[in-house]
Amino acid sequence: NRKNEAKFKYAPQVNIDQNEPRNAVWGKNFPAEYQSYLQTSDTGFASYQGGSKMRDMLEEDPNLVILWAGYGFAKDYNQGRGHYYSVEDIHNTLRTGGPTGPGDGPMPATCWTCKSPDVPRLMNEIGVAEFYSGKWADKGAEVVNPIGCADCHNAETMKLQISRPALIEAFEAMGEDISKVTHQEMRSLVCAQCHVEYYFNKNLPGKEGTPYLVFPWKDGMKVEDMEKYYDELGFSDWTHALSKAPMLKAQHPGYETYLTGIHADRGVSCADCHMPYASEGGQKYTDHHIQSPLNNINNACQVCHRVNAEQLRANVYDRQRKATENRLKLEEQLVRAHLEAKKCWDLGATEEQMQPILTDIRHAQWRWDYAAAAHGASFHSPVETARVIGGGMAKAQDARVKLARLLSQLGFNEEVPFPDIATKEKAQEFLGMDMDKMKAEKEAFKENLLPKWLEEAKAREAKMSSDKVAEASN
Amino acid sequence: NRKNEAKFKYAPQVNIDQNEPRNAVWGKNFPAEYQSYLQTSDTGFASYQGGSKMRDMLEEDPNLVILWAGYGFAKDYNQGRGHYYSVEDIHNTLRTGGPTGPGDGPMPATCWTCKSPDVPRLMNEIGVAEFYSGKWADKGAEVVNPIGCADCHNAETMKLQISRPALIEAFEAMGEDISKVTHQEMRSLVCAQCHVEYYFNKNLPGKEGTPYLVFPWKDGMKVEDMEKYYDELGFSDWTHALSKAPMLKAQHPGYETYLTGIHADRGVSCADCHMPYASEGGQKYTDHHIQSPLNNINNACQVCHRVNAEQLRANVYDRQRKATENRLKLEEQLVRAHLEAKKCWDLGATEEQMQPILTDIRHAQWRWDYAAAAHGASFHSPVETARVIGGGMAKAQDARVKLARLLSQLGFNEEVPFPDIATKEKAQEFLGMDMDKMKAEKEAFKENLLPKWLEEAKAREAKMSSDKVAEASN
Amino acid sequence: MGFFKNILPPKTSRWRTTAVFLIAVMLGFSFFTAREAEVLSYLSDDPQACVNCHVMTPVYNSWMHSSHREWASCNDCHVPHNNVFNQYYFKAKDGLYHASIFTLRKEPEVIFMRDESAAVVQDNCLRCHVQQVTQTKYTGWLDSHASNRTDRTCWSCHREVPHGRVHGQSTIRTNIAPLPTDPTMEVVPAWLKNELSNTKSVSHEK
């Protein structure tokens, strides 16, 4: 019987604990998957707007610095790269600052949530709310392994499973039960643990003060639904440094926008394109080199689409270019609106006069960010992306017509001059940001605190053993 | 025995002349095609925004009356219906007015061009420029058969052929040779004789004064290309009654927008969806019931898409709804811009002050119309349609911010009141249009002149015989 | 005759003649259907049996041009292979169903597989490919591995296996496909045969 033969021949090498954060340990049992996973360390591919290369978004599009004035993203923002770098990149970003020890730094511990399989381990050990509490620096020594197996798999059965509470709670909030989904849906939902819009709620009953991770899906996942949700909550991520508008930041609503596209409509999952089958020895395995499918059109697209690779690539670029064209127009409108609002304040406008304008700006930029932040959206759902950008333009127009009237009323009836923000550096300088200081603090952190974290982690992991199966199942 | 049915037997009943405008005569040789063609007389189907039903567009969306103030379309505009009605509908529309005899009425003869197989006959008999000369009423007795066989077919071989000079000339202008196209392209190009943007050029060298039909494709078919073409020509269709902007009217750029969509990219032709094959007893024929494919999803879509009909319909409606949402926003912006410009003139603005604003309005509304006028575009090419609407919004914003500044300068620093244009009637009244008079003139035309045209035509056609094959090939 | 007693009205009833007539018509119709559509051809494994109906020509032609032609015939995919009884039962049931639809001219322009047929095809894909689509080593110890790999129709990704992208009655220009009932085709046309035999005889004479 071949089945028994297989069982005999391919016994697992090690027993894996559900809280095992080290991918290499899982890799002993699943070498093909692990080897392909390791390839997410490759940074050699660049497409029109994506790829695994490090891309400085602020350099490529300095408008962003102005749009995020007063917020962490104006300091440093890169296009995401492979899962292999998730921990390294959060160490390096200026957004997390240069903490000198526990309790220090601008970011909360919650920032770790989507960066490592150490997260489910820690949540298991200390509790969810406890995990979210405190500063990012407090848990630096605990979270060291990049995104990996334990984030998506059950260790015993290797079934896909949800390791992050926020997704489960979001389903509950929508009145749905995530344990009732199909296997096909799981092939997208494991990604929806992280590739989604989120916010930190500090006022959850019973958990006051803890920046608890929440996905704002209670009223739906469309741009209008989430806006309503945030408006009713009176929530804002930050106050804009120029316009003083109470802003919302959209973070990669990848899953939400994907759901509105034709591929989701036809039941195509994230894994179908980003983890297509590959074969080894005539047998299929799931390619764990999660990346831009444009670096793998043959397996990722051509099984379903029998047209040539260049045509498929052109289809993708065409949609991305059209989205970019109008997105850039909306960005310019928003930059102007922020500058015009600042001018109004400078000329003595009142809160009452500004309030409707600031609401328009908030809503317009929220739409822009929803359409821009998930880098795949302009292909995943080009029609919805365009609809959202159009909606943002309409709001921006409302704001700017009102601003023109208010400026005249305040005695200024001409175009507000557009500053020189041709590069990231110029834009940051225009805002008076002290980049040298931030970089120096980051360097100090990398020299002093970071090595300590890694040492501590190494010592901890050295104590964790990985049982050989033979020993365990004696 | 059904198997024998499959063996095609073609025995022509009559000899058909290339200039034969009567579809029934062709129908003697090709009964299946003719019978299905006759079904374009059905007016029983309505979809979300299309179908064969008569739909009064001005009633469904009274913004249009304002957008076209001072132009024929503000009088009367319906969503197109079956080819069977092409002649009846151009008789009935208020746009052609109520001519009382030759030389009378608002429209040129060129208007007949896309309405009948009498057109190639006449062009053949009297010449192309001669056909375009004179008034619409001058040729009323000549053009009586609705769109049909001679518009698309060679009478001898039944091959597809181009019967309209404008398309051939447009290819020449682009430096292409229409006789070199593939058969599959012909399955779209026969439609591109009519379902395209056009204008009447009265200054063609050697044909000065004749409103010669031209497709503005010399610099390309994109919205920006044609805009550039018209701008360089200094062409405008009319001057807006409120804003005095030199306007462009986009007429159903159906072929142009289709070309930018995924179906064209994959080689799917107009006929594939609007004239799918049907079979009757094993005999295949092209379904000549040209209509909304949503009334025929099994043949029109499921040949390629193995999903259920309701899902396909939902896909179409979803794209149409998203386009409509932003199109309506753009319409409101444009209506406001026209009203605001009028207010400026009323307050004594100068030509010089108004000029940049009017250019913005012209460009914004051109984009809107390009995206709206081809009723299929929001499905044929949803991403391009959205891109164009977004571009229109950006131009409208430029106009309105400038308008707000100019209004303030002229002493008016508030919102220009929005009139009550909730219905077509109210909107037409707001513009001071005398609809009763127009309707009365139309009635008089239908009672007096029209019957004479039809009688004259009847007499002419009675003299044309259709040779029986037996006699001809004796 | 007990059977007829039960279904026929009593001899005294005026309905009896009518009923006998109707039964005769029904039987006749069934035979007609069976003959017209060559239902017996369903029992054969020869793909040509399927093209007895011209409505099967498009799928026959697409299969003819697919890589599966050399490996799998219609029945390898469309008929259950789990046991012999099921195989013939399914064939007969399908055969009668297709035949009635065909005779009634109720076939849609674009045919879709029924859910039961889809399940049969899916099983057959697996019958041949299970070794390729599942990892032998994992099937032994990961319980859901096989179902994870097979709970979705194969042709949701392999959309053109084996019938291509475009489906439907009219997707091929001519209805020409070899019918088993056709006489053997003339490979060499008569005039050429003549010509050749002339040449032969001429050269012989030389």
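What to note about this one:
We call the chains A, B and C, going by the order they appear; numbering starts again at 1 in every chain.
Just so it is clear, a residue touches a chain if its C-beta (ideal position, glycine included) is under 8 Å from a C-beta of that chain, and two chains touch if they have at least 3 such contacts.
Predicted, not measured: the structure shown is a model, and the values here were computed from it.
This structure's chain pair with the greatest number of C-beta contacts is A-B. Ranking all chains by how far their C-alpha centres lie from the centre of chain A, first place goes to C.
For this pair, chain B with chain C, the centres built from the Cα atoms lie 47 Å apart. Averaged C-alpha coordinates put the centre of chain A at 52 Å from the centre of chain C. Contacts with at least two other chains are made by residues 159, 165 of chain C. Those residues of chain A that touch chain B in the shared complex are 262, 265-266, 307, 311, 315, 318-319, 322, 325-326, 329, 333, 382-384, 386-387, 389-391, 393-394, 396-397, 400-401, 404-405, 408-409, 413-415. Only residues 131-145, 147-149, 151-152, 156-160, 165 of chain C touch chain A when the two sit together in their complex.
Taken together, the chain B residues at the contact with chain C in this complex read 1-3, 6, 276-279, 281-282, 284, 298-299, 302-304, 306. Residues 2-4, 6-12, 157-159, 183-184, 267, 272, 279, 282-285, 303-304, 306 of chain A touch chain C in their complex. Taken in their complex, chain C has these residues touching chain B: 36, 54, 102, 105, 108-110, 112, 159, 165-171, 173, 175, 179, 181.
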